[in-house]
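Chains: A, B and C, in written order; residue numbering restarts at 1 for each.
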Amino acid sequence: MAEGSYVRIEGLKRYFDVSPPWLVRVLEGKPRQIVQAVDGIDIEIAKGETFSLVGESGCGKSTVARLVVGLYPPTAGRIEFDGNDIATRRGQGAHSALRRRLQMIFQDPFASLNPRWRVFDIIAEPIRAFGLSKDKADLEKQVGDLLRQVRLTPADGAKYPHEFSGGQRQRISIARALASRPEFLVCDEPTSALDVSVQAQILNLMMDLQRRLRLTYLFISHNLAVVYHISTRVGVMYLGRLVEEAPTDTLFRRPKHPYTRMLLDTIPDLDMTGRQRAPVAGEVPSPLNPPSGCSFHPRCPFANERCTVERPKALPIEGGSVACHAIEEGRLAIEDRSYAARG
Amino acid sequence: MAGNVPLLEVKNLRVEFPTRRGTLLAVDDVSFEIAPGEVLGVVGESGAGKSLTGNAIIGLLEPPGRIAGGEVRLEGQRIDNLPYEAMRKVRGARIGAIFQDPLTSLNPLYSVSRQLVETIQTHLPLSAREARARALDLLKQVGIPGAEQRIDHYPHQFSGGMRQRVVIALALCAGPRLIVADEPTTALDVSIQAQIIALLKKLCRENGTAVMLVTHDMGVIAETADRVAVMYAGRIAEIGPVRDVIKNARHPYTRGLMGSIPSLGVRTERLTQIDGSMPRLTEIPAGCAFNPRCTARGERCLVERPDLMAAGASRAACWLHDARGVGMPVPLAREAAHG
Amino acid sequence: MAGGTSFSRWLHRASDSDVWWSFRSSSLTIAAAVVTALILILSFLSPLLAPHTPFDPSTLSLSDGLKPPAWMPDGDWAFPLGTDDQGRDVLSAIMYGTRLSLVVGMASVFVSMLIGITLGLVSGYVGGVTDAVIMRIADVQLTFPAILVALLIDGVVRGLISVQRHDEIALFVIIGAIGLSFWVQYARTIRGSVMVEKNKEYVQAARVIGLSPVLIMVRHVLPNVTGPILVIATINLGLAVISEATLSFLGVGLPSTQPSLGTLIRLGNELLQSGEWWITLFPSITLAALVLAVNLLGDWLRDALNPKLR
């Protein structure tokens, strides 16, 4: 992997203890229960690129986002940002220079803005917290510029969040995230709650901003078409583990891991080629009780004995990596896929 | 539809909400038909009125919303003006419903078998034993593994996808001719979505049940529907065979919508974007509701409201397809960029 | 964003809001609001509006004693509601007494709010052992009726300090006692709301910026959980006034040199047997009207602010 990667995540783990209360456990003899939400992730993100994490619910991608941003401390592993270890930094209260450079955009446009604050104050808060403005006039100018940057107007600062539509609120969220002049943005499903046409506006905006401000994105999503459109590299997660990771074109045209193939098969055929989605059997197992060995083996058409006992390691291949015994053993052929252009 | 009586006929349907600020028209003069066994997709973004249309048809509009005009006919017979009891018999027996959230569609306090048997016995003259046998059969048809044991389980013991299958079984149990499905797959994971859609298609084909599929997800429509109606601001903007509407949309809104969806076939720098957003019910513009955001608009669009008119194999509510055209072009002002 | 225009915009929004509309459309609520306003004005402006100063001994004359209300024989329009055995005008006494009752009521509500909101915020946001401890204390306190708790606190203080000192600070003791007996309701309600809000993304956004928990609690969470507080406070005001009246009636509240409605009722009660009914009746009616009006307002407020009912 490249030297001097901008963001490097090594062996990241986060376990949640969801055991019943101690008294219940003692009286009813119930065991401790641990959810291994994130179970050893290795990712490298280069400066200026967009790395997307995809997966279905329960795969741990949102937890990874929150770990990177510092909302939870990791159970194990390292998170390095521009050479600094941010996993072991102290919790809240430290307005460190690193926090300023790393911000987050959330999924729910209705819950991510404080309904009692004016938009101006919402956007000004990071500027005030990090001491980035000289005086009131400068603060107003900065907030006005940020609002214009997300295609709203400075006059919108006087309004409250409920006066805006979902798409506009997401723009305000973006303006707030940009207020501290960050270099790295973690985006947790920023368009999943939006209508399709609004999503297009927000995605275009985010790509424009990335070009203009030279931002790096960690983009979490479950929507593969969106991910295809904006990512440089993609990582696929399943039950807390990274099963495959590759540059976007490689992942979509030459998917390797059986789960990746299955996910790509579920993308609807809007190009009306008549391709039927091949429904795959089974559902994502409960994270409380993950399968042994390779966690995908109960649903995998290519699983063998080894898959049920041994967890596959990440194998570097074709510019990315994949964690699959079948690939490693050469049992599974890698084919090219093509997608029709919409006419 | 050669000479058959359509299964469902909706004519000039209007749904309004009286509020203290005046009456809001949420569904404005909507008309369409569904043939027996056909799948009609009703697609639109939030606020377009598609869910309300579905609710009005099943008779589940929440007060103060009410049907203010038009008619709904099922197999030739009017159902929009039926009293509550009569409509209750129609619901379930002749129209089935599937809603978005499987968690709240099933009563958490009753076992699945009880809910199924109760529904079956309400609409069909079967004994308890016969009803239970039918329920079991339905559960197997919808693909619940181990149906014999699981039939007596409670909803919380099923996963999301399994629950939605139970909901489908419940909708089909009395053998309805039409199913109204409102966002049936939105709350589910993508891999489960594919399964549920395939199931719905298969069962409806096998039983000859027609489906009115309300959703915001074009992908689901592309795979499931025979025809699709695109709704905007309470009106139908375009309606036609699904292949036509998707590949060759005739209404500028539909075209913009299709362009907004990222495609795997080609990586563009920018997605097509329609500036602005759907107008609120209180601020619907005069003339064509889409005109403030339409790059192809003309003078006529600002004052005259278009009805659905022939446009290739579909029908679109757009003056572009009228002999007189749109008149002098009126370019969009810069302010349209702000929602 | 000039202050002037933002206030007028707020006014415009408030007058257009659902809350104001629901107020205007309920005549019962308007009536209750009018009664409350009337009582508030009359009592707080009592030095200006009262016809007499009943607690200044130099203005009293025993010959005015035990006069019945003005519309009865022997009545005197100078004393519209009659006088007590010392010659004190009942109407003026009610006005001054109500003022005192309201002062005690409002102040103790304020004390309850302060304790309850703080503990509720901390309990909900910090969680864990802190939460468990605070909630257990709340549970224990709830097993005692509020009056008993107030009595207890009052009794302890009386036992600790001398009688003259006590008379001077009686007002504060009463306020503290009643305040301490009603905080639990606030704490529990706030705690529930805080637990919901703290998982919302705007709180997470504030944590990402690195703000301290105290700042987040006060600036972000608190403004969003105060909705139900107003309703609780309004109903609590009625309860506090009644509690004070009860304590004074029992003789352990305010001393007779600073009589509140409760004290007046007690004084009149002693004279009830000898047929002078007006001395106890009119303060009782005032008390009942005040508490009823305040409770009705609280009911309306609860319904008006309930998003589900709108």
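Observations, loosely collected:
In this section, contacts are C-beta pairs under 8 Å (C-beta built on N, C-alpha and C of every residue); 3 or more make two chains touch, one makes a residue touch a chain.
Quick caveat: nothing in here was measured; it's all calculated off a predicted structure.
Counting C-beta pairs in contact, the chain pair with the highest total is A-B.
Most remote from chain A, judged by the distance between CA-atom centroids, is C. In terms of their C-alpha centroids, the spacing between chain B and chain C amounts to 54 Å. The centroid of the Cα atoms in chain A and the matching centroid in chain B are 32 Å apart.
Once the centre of each chain is set as its mean CA position, chain A and chain C turn out to be 52 Å apart. The part of chain B that touches chain A in the complex is made up of residues 45-46, 159, 161-162, 189-195, 197-198, 216-220, 222-223, 242-243, 246-247, 256-275, 277-278, 337-339. Contacts from chain C toward chain A in the complex involve residues 1, 6, 200-202, 204-213, 216, 220, 223-224.
Every residue of chain A that touches chain C in the complex is listed here, in rising order: 66, 69-71, 92-96, 99, 103-104, 106-108, 111-117, 120, 125-126, 129-130, 157-158, 173, 176, 180.
For chain A in complex with chain B, the residues that touch the partner chain are 56-57, 151-153, 164-168, 195-201, 203-204, 207, 222, 224-226, 228-229, 252, 262-263, 265-272, 276-280, 283-284, 339-343.
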